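These are the structures in question, set out in turn.
Each of the next two complexes has chain A plus one other chain: chain B in the first, chain C in the second.
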Partner chain A sequence: MHYEGIVTVRFKKSVLEPQGQAVMLSLKETGHEDVDLIRVGKHIEVTLQAESEDMARQKLEKIAEELLYNPVMEVCEIQITGKA
Partner chain B sequence: MKAGILVFPGSNCDKDLDLVLREVYNFETELLWHTKSFNVNHDIYFLPGGFSYGDYLRSGAMASRSLSVNSLKEAEKKDKKIVGICNGFQILTEARFLPGALIRNKNLKHIARWEALVPMGLFKDKIPEDYSLPVSHSEGNYLADVDLLKELKDNNQIIFKYKNNPNGSKDDIAGIISKNQNVIGLMPHPERAVFSAKDTPLPAASGNSFFDAIFQGL
Partner chain C sequence: MHYEGIVTVRFKKSVLEPQGQAVMLSLKETGHEDVDLIRVGKHIEVTLQAESEDMARQKLEKIAEELLYNPVMEVCEIQITGKA
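Here is the complex of A and B:
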């Protein structure tokens, strides 16, 4: 079976994320003074083969831990969104 | 003496390092391509500046999972000296040879200029106080939480600080060393200040004092 999943990677709350800061400043300068905070993260779409949805989730968790996010500075959420 | 220089797709300071090691220090060198494991029979290893795998995902992330870096883990176990410069430093943090992480410069700009540095720890008495090296990076903003920063200070692991922090690095950190003093990572480029320094108004050949210091005791 082929499953589709989404890995969302965010900087930890404690990290001052420079891209988000720049985007926020740009919005404020163009009239959106009501924006309090912008944080830019990553949305990674993965299609993989597994025997069940549970197995697909486990595989995706392993992939995320091995490469897709760095726990020193980031947190990550995993979703299996359906069959491909 | 024999040095191994790890080369990744996108490395662009490997030849500079090679030239310095061979011409100035009479090293025998070997360029080690990322797709191959290697035998740990060198005295010292370098990870050069530049890029690796386009630095997609995070700088150094994919390179840190390569076969050559896997062999480098053997070298680390054998207490070999390992030096990562710029992208090499990023790879060493991603591979967890060194703590912390390097993220996008605070001002989001690529910074390429000479920076004044304060040599500390191992380099405090080996490098002149009035010291500068070229930097060239977009992701040199060193990240360390309170606990890590305390650990780095307690163990004398900070080896260079910026005099005028260009990138938002925690505590002005430009370079660190591992607890056992074998693995070095720094954002500035000493290899770019060996042959070119004579053409600048800054102290000549400043990169040499860095190499002189790390080769002591090899």
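Here is the complex of A and C:
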């Protein structure tokens, strides 16, 4: 079976996130003074083959740990969204 | 009032997405043959001031159009997730 999942990777709150800081600066320069905070993370869509939804989640967790995020600086959230 | 929102930016299905392709290649090399597709997009968290949820959404749409995505290659989804 083919399953679809989403891996959301965000920087930890304690870590300075440079891309968001850059966007904040541009917003202030273009008059958007009402923005308090912007943090940019990753939204990763994955389609994979697995025998069950549980297996799909386990595979996706393994892939995320190996390649998609850095546990020192980032947090990661995994959702299986449905069958493909 | 302070509102929290999420802007999700993804490449259009018709556009080749290089970061996802690179991850796919690494996965194949490390024995993850069961992954069909990976596409990497952006997950952008925003906190901003607005008079109402509708106003917050309008502001966020304007910011997204100005700075957060390229409508030629990407699609953008906006959610207001709550009050900060």
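We take it that the second predicted complex is superposed on the first by the 84 of 84 C-alpha atoms of A that agree within 3 Å, B and C clash if a C-alpha of one lies under 4 Å from a C-alpha of the other, contacts with A are read in each partner's own complex, and residues count from 1 in each chain.
Keep this in mind: a residue touches a chain if its C-beta (ideal position, glycine included) is under 8 Å from a C-beta of that chain, and two chains touch if they have at least 3 such contacts.
This is a predicted model, so every value here is computed, not measured.
*Asks:* Output check: A:10 vs chain B and chain C. Expected answer is one of first, second, both, neither. What do you get?
*Replies:* A:10 sits against chain C, while chain B stays out of touch.
*Asks:* Is A:41 touching anything from chain B or chain C once the two structures are fitted on A? First, second, both or neither.
*Replies:* A:41 contacts chain C only, not chain B.
*Asks:* For A:49, is the partner it touches chain B (first), chain C (second), both, or none of the two (neither)?
*Replies:* second
*Asks:* So, A:79: does it touch chain B (first), chain C (second), both, or neither?
*Replies:* neither
*Asks:* Quick check for you: in the superposed arrangement, does A:58 touch first (chain B), second (chain C), both or neither?
*Replies:* In the superposition, A:58 contacts neither chain B nor chain C.
*Asks:* Contact-wise, after the overlay, does A:70 reach chain B, chain C, both or neither (first, second, both, neither)?
*Replies:* It touches chain B, and chain C stays clear.
*Asks:* I'd like to know which partner A:18 touches here: chain B for first, chain C for second, both or neither.
*Replies:* Once the two structures are laid over each other on A, A:18 reaches chain B alone.
*Asks:* For chain A, which side has the bigger count of touched residues, chain B or chain C?
*Replies:* Tallying touched residues of chain A, the top partner is C.
*Asks:* Of all the chain A residues, which ones make contact with chain B and with chain C?
*Replies:* 42, 66-68
*Asks:* Taking the complex as given, what residues does chain B use to touch chain A?
*Replies:* 57-58, 61-62, 65, 93-94, 99-101, 103-108, 141, 143, 145, 168
*Asks:* Show me the residue ranges of chain C that touch chain A in the complex, using the header's touch definition.
*Replies:* By the definition above, chain C touches chain A via 2, 8-10, 20, 23, 26-27, 30, 32, 34-50, 59, 63, 66-68, 84.
*Asks:* Would you tell me which residues of chain A are touching chain B in their complex?
*Replies:* Checking each residue of chain A against chain B gives 11, 14-19, 22, 42, 66-68, 70, 72-73.
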